[in-house]
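This report concerns only the one structure given below.
Naming follows writing order (A, B, C, D, E and F), and every chain is counted from residue 1.
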Amino acid sequence: MNTMVRSASRAADALRPVRITRHYTMHAEGSVLIEFGNTKVLCTASVEEKVPPHKRGSGEGWVTAEYGMLPRATHSRSDREAARGKQTGRTQEIQRLIGRSLRAVFDLKKLGERTIQLDCDVIQADGGTRTAAITGAFVAAQDAVNGLLAAGKITETPITAAVAAISVGIVDGRPLLDLEYTEDSACDTDMNVVMTGAGHFVEVQGTAEGVAFTRAEMDQLLTLAEKGVGELMLLQQQALSK
Amino acid sequence: MNTMVRSASRAADALRPVRITRHYTMHAEGSVLIEFGNTKVLCTASVEEKVPPHKRGSGEGWVTAEYGMLPRATHSRSDREAARGKQTGRTQEIQRLIGRSLRAVFDLKKLGERTIQLDCDVIQADGGTRTAAITGAFVAAQDAVNGLLAAGKITETPITAAVAAISVGIVDGRPLLDLEYTEDSACDTDMNVVMTGAGHFVEVQGTAEGVAFTRAEMDQLLTLAEKGVGELMLLQQQALSK
Amino acid sequence: MNTMVRSASRAADALRPVRITRHYTMHAEGSVLIEFGNTKVLCTASVEEKVPPHKRGSGEGWVTAEYGMLPRATHSRSDREAARGKQTGRTQEIQRLIGRSLRAVFDLKKLGERTIQLDCDVIQADGGTRTAAITGAFVAAQDAVNGLLAAGKITETPITAAVAAISVGIVDGRPLLDLEYTEDSACDTDMNVVMTGAGHFVEVQGTAEGVAFTRAEMDQLLTLAEKGVGELMLLQQQALSK
Amino acid sequence: MNTMVRSASRAADALRPVRITRHYTMHAEGSVLIEFGNTKVLCTASVEEKVPPHKRGSGEGWVTAEYGMLPRATHSRSDREAARGKQTGRTQEIQRLIGRSLRAVFDLKKLGERTIQLDCDVIQADGGTRTAAITGAFVAAQDAVNGLLAAGKITETPITAAVAAISVGIVDGRPLLDLEYTEDSACDTDMNVVMTGAGHFVEVQGTAEGVAFTRAEMDQLLTLAEKGVGELMLLQQQALSK
Amino acid sequence: MNTMVRSASRAADALRPVRITRHYTMHAEGSVLIEFGNTKVLCTASVEEKVPPHKRGSGEGWVTAEYGMLPRATHSRSDREAARGKQTGRTQEIQRLIGRSLRAVFDLKKLGERTIQLDCDVIQADGGTRTAAITGAFVAAQDAVNGLLAAGKITETPITAAVAAISVGIVDGRPLLDLEYTEDSACDTDMNVVMTGAGHFVEVQGTAEGVAFTRAEMDQLLTLAEKGVGELMLLQQQALSK
Amino acid sequence: MNTMVRSASRAADALRPVRITRHYTMHAEGSVLIEFGNTKVLCTASVEEKVPPHKRGSGEGWVTAEYGMLPRATHSRSDREAARGKQTGRTQEIQRLIGRSLRAVFDLKKLGERTIQLDCDVIQADGGTRTAAITGAFVAAQDAVNGLLAAGKITETPITAAVAAISVGIVDGRPLLDLEYTEDSACDTDMNVVMTGAGHFVEVQGTAEGVAFTRAEMDQLLTLAEKGVGELMLLQQQALSK
């Protein structure tokens, strides 16, 4: 519809400015504000000394996630899910994705019978909230695990690798990394890619919003995503080393 | 965990026996029972001469889907969602996927201000219910569209291409086409691929259930899926030509 | 309103063709597709080795039922109860009736502390779904009980008698057996009668939809129902002896 | 279980003392407290100048009912349905019965496009709450209709006959009229009978709680019910003539 | 809006006629109908030999309240909360207030691990339902406690003081005690005051519905409330001494 | 329980450090982060060009509020209300209070038929979230109104006065201003006071959590609150003049 010009003359294969702020709030075992440009997501990790029913007595822990958006995180106000009395299908889809992504890098046996609950709440949305959430939740989870190690509750880290995520898409025939909201709305194909530190895939979710995409386009998008996730992992490490 | 032997000495790249029965029930504008081996899904298409609020006055129609599973479609009984009072996240995720997949091959303008509602209900489950649902729903939708054309309500088909879906996965290091339930449970990577008649992708949803997957594995899986979807489209055409 | 002619020149006191197919699906302990003409109901019996709270520690079992209708089982599509988030009053009324009817022929002590859960799902509706459900659920329950006996989990059958049900009604002043949908819509009085193998009544539910009915009409309807239920019980026995 | 002695040496075919108090509360168009012995139900009729969607533009009105029980109307406290967030199946079954029973004596065309909403709230329960509710609701509805006539909103009564209801049952082999709670709990068969002023049946709902009942027993119960309803109708007339 | 004339030439500082009827229904451990003029609230106290999770094993009991309004307690019918599927914010606010007010005069240790559940149901509303509910609930609670003492289940009363409540407000610039509905609707400031027998405050909830109120007005209202609550406590004692 | 020492040697009549940050997020018409010490609440004001049903066609606008708390805003994680499917009574009570407080300083006629929706979401909680929310929501509402004036949608401000709120309480017999969480938990009396710029009261909500409070104590608390609200209003003005 619009001829898209990426904001701030950003290159097609460039991430938006990413900022990761640890210890953003004071109560949670891990608390990270992650910003992908104007997208801001608060990711907290809470450690609870209990597990859901399907894990009781298993000697294993659990990692799970919930996702929410403040009503006015978006351009026009959306209904508050708590007031409507249920989460939308979109919300459930995203929080299930975040949970699976984080569990992919956790050895639940080493976590012991406790739960790490990740809460990802979008303060301001401008595209890419789910990928920011996964990337930030990893940092919050790492802080929570470090706390468990420091307290002697576990002796070995249950984290087997880093995990991060980025969106890629085809807009006006051009593959782009890390879509902003206006790009996301205009794109033909939208793909969210979750990868581990070893460069392997945890989730690939590609959707043709307009025209279906070819195998060649898919290859281009995966290459772009590999680049983006690699950069995000460096930023995670920098944040964690502070 | 188990050493998987595919049932009936099925080859790694072979579909299960697929059966598509049109006019399975008598009231719906399209009614298809689709079977992928022991998986049986009833797909009905209902035409309603109204559209949801976001399409009112737009001159465009709508295509949407709902998915359900009979409580004892599965090995052990699952709760009836109507009695629990809400659909699970899994159900919502699947019905959103079916709806997007079908909309990808519809020109909503040509449909006019009416809705095609697809209901996909699993009578018996043995893996691959969502891919069977998409494949069967397309046939039901085609029957409903043919009815509209025959009745002179539309003069041109709003369907732009066929759509079908298949699951692929890696079990014990081996890429397999069209996973049965036991294979699905044992697999490291599970991917659902939705494609059009032109051989393009509508949705690719790959998930590492165990070990993350490499780019090479992803390529193998996509090739396998292309083969499977091609075969399904022939079966759709055969069913529709009867 | 319409002058009703029964389909296929059926006599006023004749059942529609009844078909009872056992082992219709593969997972349930009992699985029966029952057809009363165009009405098709899938009845499954699931055995669960637990009881609801009010029976815990009692040494007694429980038998209960749930009922559902696929959205397009009917002439025009009805809302999916799982999506609406609650069961209608009609659904609850029917499933309570099925549950009471089956419990009437069960000795819960002999069942032991386990539950037989009956799920009756209407695949296609053309009147009489609740009576078909009760009649089919009995066959499914018998199969489940036979499985428990064969497995040595119980040594004596908890089933004390057969149970079956039929609808009767007065249409245009004429008492009719086994109402089809068009008859049901046109009738002044509609009565559902549930009886045991001993020829006794478990439930009699008569409702004047139009004109109230006289005692003499009630007598005629009960006689008609006795005839119909007798025939259904023969069909149940034939199905079970295969 | 217990050898039942009817309270106050009541005969097997005798009603409990019945009291009908009109104008019990001040806001409703009809407001009746009806007492069957210790059972006390407040029945209000509210006239609303609108109809539900399925009657809009039809020129016809609607009559409907809701039923509730105060949490401590019963021997031990039951959960408040408003706090639980849904009505039980029993509540829905009863309110549907009350609605159907009242509609059976209403000519909805003569009512015009307005609704009479009947609210039946049990203040104290001792068996027979639904039959008391129907009997009292008729008096409240009559008061509401009289108000409409007096105000000139309608010129002809839409009420075609009186309606009342009573329970009958077999306790220790003995047919009893108007069961109290202890009798209801002990009975083998429980039947609720709704009749019009012309002596015809609107609803007959018989349930075998223990042993199934014979045709002869059914005949005895219907005769008993005819007697009871006849007496209730005299009491309704007396109350209305005050 | 209207020039208010208090009904029955009631003085500005006079309560409406108050009537407290104990043993109003037969099942509850305490059952009180309290009337403030035309406002009628049934308050029952139920003793349950269990406590909510947060008190289990504490040796302490719990006192809690629920509030409801019959649909036609009001001038025009309000929706039945049980049918809507949730309690309004107003209902929850009121029942939380009643619960806190009663707990303020209970020594939960002396109650032992049991719950007194107070149900306050408005039969007829004409302003002041929450204050009538608190005042009546105290009498019901006292009856329930007396029953526990008489049965030897507790040896010492857990009640530390009486509690009662009244509304006060400013209408047309004039401070009034015990507002009726028409006064409540017209008032600028509405205040509910809950006090103990010692003359101390448990709750003060003042709301400016129109013009904000001054400190001087607040003082006048509190003085008026002190007078009203004092009179209510005499009436409670009289009722309890019968 | 604990001997309370106020953090940072704060005086009994001193506010915590208050910070008001405007334009905190980018989409809302008013967006304010307000901090009372460690309590941080994001207050957004959204202007919607529609009104709820009860205001349609009235020529008047509406001002309303919703309140939420991020799951890990608190010391231990609380359930996400959207996932639980309903808002707690506490949440509803608070959002009703915020809405009433803001409406008290709005002339709804001058607002025109549009709605200002205030969303107050607690990012971090340490006592006093509702008073911070009211104080911050006023600033956000002012920004939204300024936007309407600037856009020429209204020509005269509908805001009639400032509004702000503070909590006061008695801890260990000592009246304290602006309670932190540890003080709030330990206090005998907790009072929230909402006032206008004219020094009048909009809401006074005092609750005895432990011992009931005397009239003299109430006077002390009100005096303390007047001081605190006066200071908050200066801070609001400073923030708005930037």
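Heads up, the rule we're going with is that a residue touches a chain if its C-beta (ideal position, glycine included) is under 8 Å from a C-beta of that chain, and two chains touch if they have at least 3 such contacts.
If you're wondering where the values come from, they're calculated on a predicted model, not measured in any experiment.
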Need the graph distance between chain C and chain F over the touch network, please.
3
Set of chains whose contacts include both chain E and chain A:
F
Looking only at residue numbers at the chain A/chain F interface, is the share used by both copies over half or under half? Answer same or different.
same
If you average the Cα atoms of chain A and of chain B to get two centres, how far apart are those centres in Å?
28
Measure off the straight-line distance from the CA centroid of chain B to the CA centroid of chain E, and report it in whole Å.
59
Could you state the distance in Å from the CA-based centre of chain B to that of chain F?
51
Mind pulling the chain B residues that touch 2 or more other chains?
85-86
Applying the stated contact rule, could you write out the chains in ring order, opening with chain B and then chain C?
B, C, D, E, F, A
Across the complex, what residues on chain C touch chain B?
25-28, 31, 38, 40, 42, 44, 46, 48, 66, 68, 70-77, 80-83, 85-87, 91, 117, 119, 121, 123-125
Per the contact definition, I'd like the list of chain B residues that touch chain A in the complex.
86, 89-90, 92-93, 95-96, 100, 104, 161, 191, 195-196, 198, 200-208, 211-215, 218, 222, 226
